[in-house]
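We just call them A, B, C and D in the order they show up, numbering each chain from 1.
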Amino acid sequence: MRQETVSTSTLALEARDISVVRGGVKVLEIPSLQVLPNEVLVVIGPNGSGKTTLLLTLAGLLRPASGTLLYQGQPATTQAELLRLHRRMAVVFQEALLLNSTVWDNVTLGLRLRGVAKEEIKTRADKWLERFGIASLAGRQARTLSGGEAKRTSLARAFVLQPDILFLDEPFNGLDSHSRQAIIDDFEGVLRETRTTTVLVTHDSNEALALAHRVIVLMDGRIRQLGSREEVFSNPVDEQVAAFVGVENIIDGVVTSNQGGIINVSIGPSSPGSIIEAVADSAAGEKVSVCIRPEEITLTVSRASSSARNSFSGTITRLVSFGAFSRVEIDCGFPLVVLVTKRSAEEMGLEKGKQIFASFKATGVHVIKR
Amino acid sequence: MDLILEGIVRAFRLLIQGDPAVIKITLLSLAISLSATAISLVIGITLGTVIGLNVFRGRRFLVSLINTGMGSPPVVVGLIVSVMLWRNGPLGIFHLMYTPYAIVIAQLIISLPIITGFTMASIQQIDPKLRLQLVALGASRGQLLWLLVRDTRLPLLAAVMAGFGSIISEVGAAMMVGGNITGQTRVLTTAIVMEVGKGDFGLAIALGIILMALVYLVNLALTLIQQRSKPR
Amino acid sequence: MRQETVSTSTLALEARDISVVRGGVKVLEIPSLQVLPNEVLVVIGPNGSGKTTLLLTLAGLLRPASGTLLYQGQPATTQAELLRLHRRMAVVFQEALLLNSTVWDNVTLGLRLRGVAKEEIKTRADKWLERFGIASLAGRQARTLSGGEAKRTSLARAFVLQPDILFLDEPFNGLDSHSRQAIIDDFEGVLRETRTTTVLVTHDSNEALALAHRVIVLMDGRIRQLGSREEVFSNPVDEQVAAFVGVENIIDGVVTSNQGGIINVSIGPSSPGSIIEAVADSAAGEKVSVCIRPEEITLTVSRASSSARNSFSGTITRLVSFGAFSRVEIDCGFPLVVLVTKRSAEEMGLEKGKQIFASFKATGVHVIKR
Amino acid sequence: MDLILEGIVRAFRLLIQGDPAVIKITLLSLAISLSATAISLVIGITLGTVIGLNVFRGRRFLVSLINTGMGSPPVVVGLIVSVMLWRNGPLGIFHLMYTPYAIVIAQLIISLPIITGFTMASIQQIDPKLRLQLVALGASRGQLLWLLVRDTRLPLLAAVMAGFGSIISEVGAAMMVGGNITGQTRVLTTAIVMEVGKGDFGLAIALGIILMALVYLVNLALTLIQQRSKPR
């Protein structure tokens, strides 16, 4: 559904022929980019690939050398049009960027700039301070906050605006791993509730894996790949993208049981009956995605009793060799990509159409909440 | 040693008794320097914010003018103001020479570059990303300026203190343009110089103690402000 | 050989009953620690575990609250004794810490402080500037150097002293991955040539894997484990150490062939004939260590034709269950630790003494130069 | 307007012709302020390094004394020195009042806290780990101090400039302890104040131009030093 062509007026945001020049060099060149309503679009790319520049341009905070930005089908170019855009959106930067004032003042700032009524401000601020677990900090001076608290304040300041579109630039960077995970969990929950249209920029492909509906891979200021999370992680367009995102098989499913930390995941209506076993703490009934790295899957010509808990029979649909490796695509009712050495492929006589068993260990499966 | 003891004893007697001459000189000094600071403040904050936030033609020239001003000896400012206000000088018709207004003008010229420079520096120290964040929060141009000035309030207070501190203890210009006329243009510093010249240490020490106390209070305030405005 | 008790006078450095107190809290407590001649001793531990404190104490740069430091059997306590120690050793800190002067001045500083003759200084500085690839930078001001160049200067400044003992505190931190790898390679080569006694502190277990003869795992200011690299990585003493270092099977061997990036490693005299296949660019004849993570190994009751290139038959020597997992130790001529789910272990009827096949993919093997 | 033009014309004539009075005053001013700076430098760098590097009893008191000194009005320093040197004051027997030495003493007291404070700050700004690194490289205690002072040479030069700049343009203390005696204690600033008082703008402007030039050179040097010593 998300892949369909959508009429311009129903797009959340559209960028056309955008280019950004710095020091005479084109640091960003985007012929076309559409942000769909209610989607989470994650832009990933290495440092210096122009991710932040793209985000600032889409948010109307950086004037491109050429190109047009359309917000809900209307151009956003003049000062007045940009102010209108800025009063409908919210941005969360890598640093919290708070004013020297209280948490309450910071969280309500956007609403006050918009001239929202006092009672309305109070209701909304109370709700979002509560939601991000910082209600008790409302009176604290911003400069006395810890990194995690400042980040929560900056997220609350964004969500309190109930923005039509939310931009985030590496929002979970620079936090220690504990508060990072807690904040990502909170953020993920809020995003699922509010279904806010979101553009998130990160260099961490795990964040993309955990949050994205669609993924853009940006390299050297150009879009190298744009597609659903499954497309990008399972079928990177080239070696460079693959090396950066880390290739994954991503399969959606529902947890059917959890026995002592070992879960069974029923993988969707497309292949009823298929169950993947994994190690995770998800509860039965939860919707999850399971990820399996292609190099963790072993191919055998016959099914053998093994400690590998997951074994599926399938047909080879494609076989590509490069360097010392062969990449084998298999249809097991669901698609599966496997990486084996070329020597293995030759010795086992792998070829298109051949029947094969693919197996991988329960410990090799990475489970993500959907 | 008698001289010192005697001087100190007389000084404290003058201070405790509330000697009219001491009070008069102190109040005049405060009135002149506070007026000069207040006027510089209004002009300097406006100028400093505009120069700090915008890129325009002639900006470099203005900035170097401010830096030259911050480094100029007050004596030279006194000289220039004297020439201007001299009875047959360009502003001579206003008959301001040897009046308190002349001292206010000189002190205004001395403190203006200091306050403008401080304002400019503190506005420029604000993370440029904070400006982006405020724009992203929906701040209009006017709202942005107001939020930025408000966010630097502590460094701005420091600018005020530095400006006031520099002029309350200034001697040369006050003497040149004021003329050190009793009851009219005699301020703390010029009075001290004069009394020492006469060998009357009692009044000089009393006035010196008051000047030190004022400067100490200003420095204390500056230190407190700097500690409070330390970045996280 | 390195495990034998060595008489005190032949030790490079010895610390006895060292404790360091900060703010009333004992941040470091080391009953005994010996640094052997010509060894590379790597101290690993999480942030805040007291690694840097330990290094500074061993280098005589931080006076402990109690305890003695012996350098080549002699106490190093008084100002004069410490100066003697400092003029025999070298320290490389995390930051390059250069003086505001030229690269040449910085590299020769230690020699000039020791009053070495001018011609000698020139010969040695030329050699080490060359060796670290910064000969062309000799005249450059230190503050104009890039991070990598500054780091090379600081390494040259240490090696030019031809120290009896070298201390390094997270020396490869904060560099971009490219120059980091280049500098580690250079450093490794120099260390293998000079056989300088080295104490290196890092939070990165990969550096320990690549460089260490012996490894100390430091947690909360206490030595949790001290042993050969193989001992620590293959047999961590407890769950916490295991979680930090990441368990590995480490097997020494010699590369016998390399065909298009796929190498065969003959694994030592202890099990002649055993060959492990791996993906790496090592040349034939090179001595290497191969590392295999326990969770990457699959167990089968019978040998099956599979894309897993490595398959060894062995006997289970030990079986321990914890949580959802079972840890299986196997003797295949060489020891191998395997991690499987408890459910697998039960279904396959794993028990001590049982004959079993262990297999892992060539892509699952990590090869390190020895 | 005639007055200004006339004054400027006369000023340039005096400067170009090398008027003996102008030269005499300038050289005396330089001799006094450079002597004071040189003495402060030796004492201030030693003091600043010792205070900056060591922790000892009374250190806090010394630091606050230096801070008070840096903020004290020169007029008050002039007052204190006057009292001390007065003919029946404690140091009266040396007959230093109204001699160039008195001005040197006053300027020394004004510049010493500035140079000490700058030295202390620049020594403390050195990464404590650099000190460890130097010890680890085998530096003895003496070698360490020398390397640290050498490594801060640019900020130290800034200290010297700031010290000199503050005393060359000082008026009050020079007037009080020097007495503004022609050929003996008349320096640039006191001469300017006096000439303006007399209404003789030619000489005043000539001396003002020289003072500005000196201060400008000092500030230029300061700026260049600060740019060169910027951390990487």
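In this section, a residue touches a chain if its C-beta (ideal position, glycine included) is under 8 Å from a C-beta of that chain, and two chains touch if they have at least 3 such contacts.
Predicted, not measured: the structure shown is a model, and the values here were computed from it.
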Report summary line: Contacting chain A as well as chain D are chains B, C
Query raised in the report: What's the chain with its C-alpha centre farthest out from chain D?
Result: A
Report summary line: Per the C-alpha means, the centres of chain B and chain D lie apart by a whole-Å value of 21
Report summary line: Chain centres from averaged Cα atoms put chain A and chain C apart, in whole Å, by 36
Query raised in the report: Measuring from the mean C-alpha position of chain B to the mean C-alpha position of chain C, what distance in angstrom results?
Result: 63
Report task. Could you give the separation in Å between the centres of chain C and chain D, each centre being the mean of its C-alpha atoms? Result -> 57
Query raised in the report: Touching two or more other chains, which residues of chain D qualify?
Result: none
Report summary line: In chain A, the residues touching two or more other chains are none
Query raised in the report: Are the chains arranged, by touching, as a line, ring, star, complete graph, or other?
Result: ring
Query raised in the report: Every touching chain pair, please?
Result: A-B, A-C, B-D, C-D
Query - Touching residues (chain side chain D, partner chain B) in the complex - result: 1-4, 7, 67-68, 71-76, 78-80, 82-83, 86, 88-90, 165, 168-169, 171-172, 175-176, 179, 189, 192-193, 196-197, 199, 201, 204-205, 208, 211-212, 215-216, 219
Query - Residues on chain C engaged by chain D in the complex (per definition of touch) - result: 56, 59, 61, 79, 83, 86-87, 89-91, 93, 95, 97, 99-101, 109-110, 113-114, 143-145, 157, 161, 167
Query raised in the report: Quick one: in the complex, what on chain B touches chain A?
Result: 127, 129-130, 132-133, 135-141, 143, 147, 150-151, 153-154, 229, 231-232
Query - In the complex, chain A residues that touch chain C - result: 259-262, 277, 279, 295-296, 298-302, 304-309, 323-325, 338-345, 348, 359, 361-364
